[in-house]
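Here chain A shows up in two complexes: once beside chain B, once beside chain C.
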Partner chain A sequence: MINWGMAVISLAAAQGTGSKAVANGASGFLFSSPVDHALVAGTLVAICAGVVGTFAVFRGQSFATHSLSDIGAAGGAAALLAGVTPLAGFASMGTVAAIALESAETTSAKDRDITTGVLLGGSFGLSALLLYLASNFTNVSGATTGVLFGSLFTVSASTLPFLAAISVVVVLSVGLVARRLTLASFDPDLVRVKGKSPRTAGLIFLVALGLAVAMASLSLGAILSAALMIGPAASVLRLTSRVGTAVLTASLLAVAETWLGIYLAYESYSWPPNHDGWPASFLVVALVLLVYLASRGLERLRVLMGGNVGLSGGSATERGRGATPHV
Partner chain B sequence: MANGTVLEARDLVVEFPGRRVLDGVSFSIREGELVSLIGPNGAGKTTIFRSVLGLLKPTSGLILTRAKRQSDSATAATTARINGTAATATATSTVAKRAFGYVPQQVSFDRELPLRVKDVVRLGIDGHKFGFSRDRKGREKRIAEVLEETGIPELASKRVGELSGGQQKKVMIAHALAGEPEMMILDEPLANLDLKSQDQVVALLERVSKVKHVAVFLSAHDINPLIPVTDKVIFVSGGKAACGPINEVMNSEVLTSLYGHRVDVFDYHGRMVVLADPEGGHHHDHAEGHGGEGRLNW
Partner chain C sequence: MFSSFMVNAWIAGTFVAVLGGVVGFYVVLGGNTFAAHALPTSAFAGAGAAAIAGVDPLVGLLAFSLLGAVGIASLENRASQGVPTALITTFILGVGSLFLSITNSYGEQIFAVLFGQVLGISRGELWAIGGTSIVCVGAVGLMSRPITISVLLPASAEAAGLNQGRMKLALLAAVALATSIALPVVGALLIFTLLVSPAASARYLVSSLRGGVVASVMIAVITVWLSIGLAYLTNLPVGFFVGTFGVLGYVGARTLSKVTSR
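Up next is the complex of A and B:
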C-alpha cells in the first residue's frame, strides 16, 4: 500500500537533508532512487501529455481534459480505500468517464459542456466521500493531498512498467486515429460522407486521453495534471504549422518542464521557509504556466516583427487577425 | 439511369416530426454539369444534400448513383430503392459516399489548428482512414496537381487558419477534389464572400465542371452570380422542386406554380430579380430584411 507521507521522508533520506543536499549538488540528484523513478515516470507522463494534449487543445477539448483529471480523483480515492495502487483507480475512472462523455448524445458544444459539468460535479461529490473514508478508515497517510496533488517521488519501481505499457497504448492509439481526428476537428460530416464514423475516433482518443490523464494524476495529482496535458501543447500550437512538429515539440517541452520541476523540488530542500522541500507538482505546473506566458509573449513578438519567429513553416503575416475567417 | 448521369433522385420524400420537408422531389445531374440548388431559407436545400450524401435517411423515394468503385476501375451503375428499411438505405449510402466530394458551408479552421493548406488537401485523400498513411510520393504528387488545378499552389505552405474566407473556400474545394470525386457537393459556397471572392470561386467551379468533367452540385440563395455558369437549376420551395435550364425554371409561370401565388421574374441589367405578391402568404416573410417590399431574396 502506498504511503503518500513517506515521500518526503524517503527523498530526504536519499539525498541527505538540508545543507548536505546542496553540497551533493547535481550528482546526488541523479543517484537518488526516488528521483530516478520520478524522472522515468515524469518522462513517460510528459511524452503522453505532449501527444494527447496537442490533439485535445486543437480539438477544443481542454475542458474535457480538465474534467477527466478531476473525475479521476474519485478513482484514485477508491483505489486507496480498496488498498490497490492509485494508478489503477485513476486509469479505471478515466476510461469510464471518457466513454461516458463520448457516449452522451450531445448535439452541440453547449450540450457537451452541460454533460461534462454534471459528470464533473457528481464525481467531485463522490471524491469527497471516498477521500473522507480513505482518510478515516485506512492507514494511508496524506491520502487527500496525494490524490489531489500527487507526488512524483512516491512512484515505485514496480509501477514504472505499468506506466510504460500505458504510454505505449496511448501513443499508438493516438497515432491510429490521428488523421480522422484531425479531419473531424473541422467538420465531422467530412468523415461521415466517406462512410466512416467520427465518433469511433473520438471515443478511442478520449480513452487515450483518460489514460494519459490517469498517468499524470499519479505524478502531479488529479487537480494539477490537466496543466501538463494542456500547457505545453497550448504553448507550441501557435508557433508551428505542422501537427507532427507540434506533437514532438509539446512532448519535449513537457519533458523539460517535468525534469526541471523535479530538479527544483530536489534542490528545494535547502530553500526556506522550513528546508523540507517544495511540492514537485507545484514546481512543474509553475514552469508550465511560465512557459505558456512566454509563448504568448513570443506570439505577440511575431506579430510585431511580421512573422519571422517560429518553429516551422507557414506564414505568420496575418497572426494579428482574429479567429474568424475574413474575406 | 441514362448514360452520363451521375445522380438521379426520384420522388424524394423527407418527413420530420410534424412536417414534410421534401414532398416528391425529383432531379438528375449529368457528368460535367454545374447544377445550382436555389431556394429560400428552410426550403429543404440542406435536406436534399444530406439525403444525397447519406447523412439523412429519406422517408421514401429513389436515389440512383453512378459510383467509382475503388476495387473495380470499371464504372458501375448502382440502384437502390429507399423504402425506409435500414439495409437498403445503408447500401445506397455506402456507394454514394465513395463518389462525392463535399464542401460544407462553414468550416471552422481555428487559429490553433497546426495545419498547412497542403495538409488539408492531403486529408481529402485519406483523412478518413485509420492508421499511418502509405504511398507518400503518390499523395504528394496528387496534392501538387490539385493545388495547381485550383489555382492556389502559392498557398501550399500557408497556415490554413490564417487565410481569408475566399482562400479557405478554395482550399476546401481542393480538399474535396483530392479524393477524385465524380461529383462535388457544395453547401452555400458563396455565402459570406465578397464579390471578388465570389467571382473567383464561381470561375474555379466552372473549371472543375467543364475542364475536369466533374459534376458540381451547389446551393445558393442568389442565382445571379451563378447565371453565366449554371447548366441547370433546381428551384425548391415548400417541399416541391422544379428542375431544368435557368430560363425554363426561373420564370414567372413556374415559380408562381411552385409558390402557389403570383411571383414575377424580371431581367434587370442582366441580373435576375424575383418579386413576390406582397399579399402572398408566408413567403412574404422571406422578403423582409432584404431591402424591398415583396422582393424574394435567394
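Up next is the complex of A and C:
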C-alpha cells in the first residue's frame, strides 16, 4: 500500500538543519556565512525579480508568472532525484514551460488562462510523482518542504556563480526586448508595422521570466517565488508611469524586502513560540504583501487629491488621462 | 481493489469528482482559473491553523478558503489583472509554512495535505463529504441561471439588477466549499486540476450549457476512478494520475474538436 508516512519528511528536520547552520556561524548578523550567502543570493534574485516582474505585471502575466513558479517545482524535484543542484531543475523546467505556454495557440486572455491552468494542473501531478520518488528512493531529507518552500539559508557558496550568470542572462535579454515589449503591450500593430514580430519578443521575455522564476524558486521555494516577482513590480507600477523608473525602483524595492526578510528571519531565532526561527520565505512574502497593500492605499490617496496614477492602477480611462509610457 | 477500506475511497472520490465537475464548469466559463488555484492553496494554511487550535481540520479548511474567497473578491478588479490573487495566495501559503514550522506534529502530513491521501478516509468524513457535496451542487444548481448570465452577459446582468461582485463572491464561496471537502482526497494542489481540466475539456466537446456540465462531470468522474484504480495498482501517488489524465483529456478534446470542425 502507499506508505505516506515514508513519503513525508518532517519539516522539523529541515528547520532544524537550517537553524543549526545559522547558529553555528552566528557571532553576528553579517559574520555568519549562511547569512552572507543568503544576502548575496537574495540580492541577485531580487534584482532579476524587479526587472522581469515589471514587464510581467504590465503585460498582465501574473497568472503565467505564478504558474511558471509552480511548474518549476516538478523540475526541482526531478533535480533532487537525479542528484544535481535544484537550480538546474528549476531553470530547465522553467524554460520548457515558458516555451510551451508561448507556443500554445490561444485566442483570448481567458483562453490563455485556461490553457495555463491545465498545464499547471498536469505539472502538479508530475510534482506529486517526483517528490514521492525523491522522498522514497533517495536519502535527501526535507525534499517536499525544501522544493516547495525553499530556504535562503541553505543556498551553498557553489551555487552563487550560477545565480550570477543567470542574472546577467536574464537582465541582458530583458534589456534587449524591453522597448519592443513596452510597445507591444500598448500597441502590437505598431511593432508589426516596424517589421518586427511581437511574438519573438514575447518568447524571449517568457524564457527570461522562466529563468528569473527559477532563481527565485531556489531562494523562496517554488510555490512562494511568484510573490517577489509580482509584488514589488505591482506596488511600483501603481505609483509611477515611467517604465524605466518602474524597473529601477521595483528592483530596489525587491532587494529591500529581501534584506529585511533575511534580517527578520535571523532575528526570529529569539521569537516565540519555539525560538527556532520563522521561515525566511514567509517573512519576505508577508513584507511583499504589506508593501503592495500600502501602495494601493497611497494610490487611492493620490487619486483623491487629483494626482496621476501609475501604469497598472486605476481604470482604463484614468490610465488614458494620467499616463503614457516613456521608454 | 474493492475491499472495505477502499470502498470509502471510491465513494469519496466520486462525490469529489461530481462536485469538481459542476463547480469547475462555472469557474472555467467565467475565466476564474486563477482564483480556483488560489482558494485550495489558502485552505492549505487552514489545515495548519486547525492543528494549532486543536479543532477539526475541516473547520480550518473552510475558514481559510472562505477568507481567501472574500479577500480575492474584494481586492480584485478589472484593472488589477490577478496581482492581488497572486499575492494573497503566496502570502497564505507562507502562513501555512509558518504554521508547519510551529507544529512539528503537523509537518508529517504536508505531502498528504498538498497532494492528497485518498486512502485515509473514515466513515465519518464520508458523511461530511457526501452532505457538503449535495448541498454545494444544489446551491450551484439554484444559482446556475444568474451565474451564467453574469458571466456571459455582464451588461444585461447589471440591467437585470444582479450584483456582479456578489455573484463572483457566491461562485468563489462554492469553490471554497468544494475545496474544503475535496482536500483530504486529492490534496490542495490537485483540487485545482479537478476543477479546471475536465471543464476545459468539456468546452471543446459540447457546446450547450447543460450538456457541458454533464460532460464535465463525466470526465471528472472517469478521471478520478481511473486515478484511484491505477494508484492502488501501482502504489504511486493518486495526484500524479489525476494531473496526467487532466492534461491528456484536454489535449485529446482540443485535437478532437479541431479534427471534427474541419
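Just a few scattered comments:
Just so it is clear, the second predicted complex is superposed on the first by the 280 of 327 C-alpha atoms of A that agree within 3 Å, B and C clash if a C-alpha of one lies under 4 Å from a C-alpha of the other, contacts with A are read in each partner's own complex, and residues count from 1 in each chain.
In this section, contacts are C-beta pairs under 8 Å (C-beta built on N, C-alpha and C of every residue); 3 or more make two chains touch, one makes a residue touch a chain.
All of these numbers come straight from a predicted model, not from anything done at the bench.
Legend: residue contacts after superposition of the two complexes on their common chain; A:242 is shown touching chain B, with no touch to chain C. When the shared chain is aligned, chain B comes close enough to touch A:182, but chain C does not. Looking at the shared chain after the overlay, A:60 reaches both chain B and chain C. Among chain B and chain C, the chain that touches a larger number of residues in chain A is C. Of the residues of chain A, those at positions 57, 60, 234, 313-316, 319 touch chain B in one of the two structures and chain C in the other. Across the complex, chain A is touched by residues 28, 31, 33-34, 36-37, 41, 75, 78-91, 93-95, 97-98, 100-102, 104, 107-112, 114-117, 119-120, 187, 189-190, 192-193, 196-197, 200, 231, 235-237, 239-244, 246-247, 250 of chain C. Only residues 54, 57-58, 60, 175-177, 179-180, 182-183, 185-187, 189-196, 201, 234, 237-238, 240-243, 245-246, 313-319, 321, 323, 325-327 of chain A touch chain B when the two sit together in their complex. Residues of chain A touching chain C in their complex: 1-2, 4-5, 7-8, 10-12, 15, 57, 60, 62-63, 65-66, 70, 109-110, 113-129, 131-132, 135, 144-145, 148-149, 221, 223-224, 226-227, 230-231, 234, 273-274, 276-279, 281-282, 285-286, 288-289, 292, 296, 312-316, 319. Of all the residues in chain B, the ones that touch chain A in their complex are 53-55, 93-94, 97-98, 100, 102, 104, 107-116, 119, 123, 126-133, 157-159, 161-166, 168, 179, 192-194, 197.
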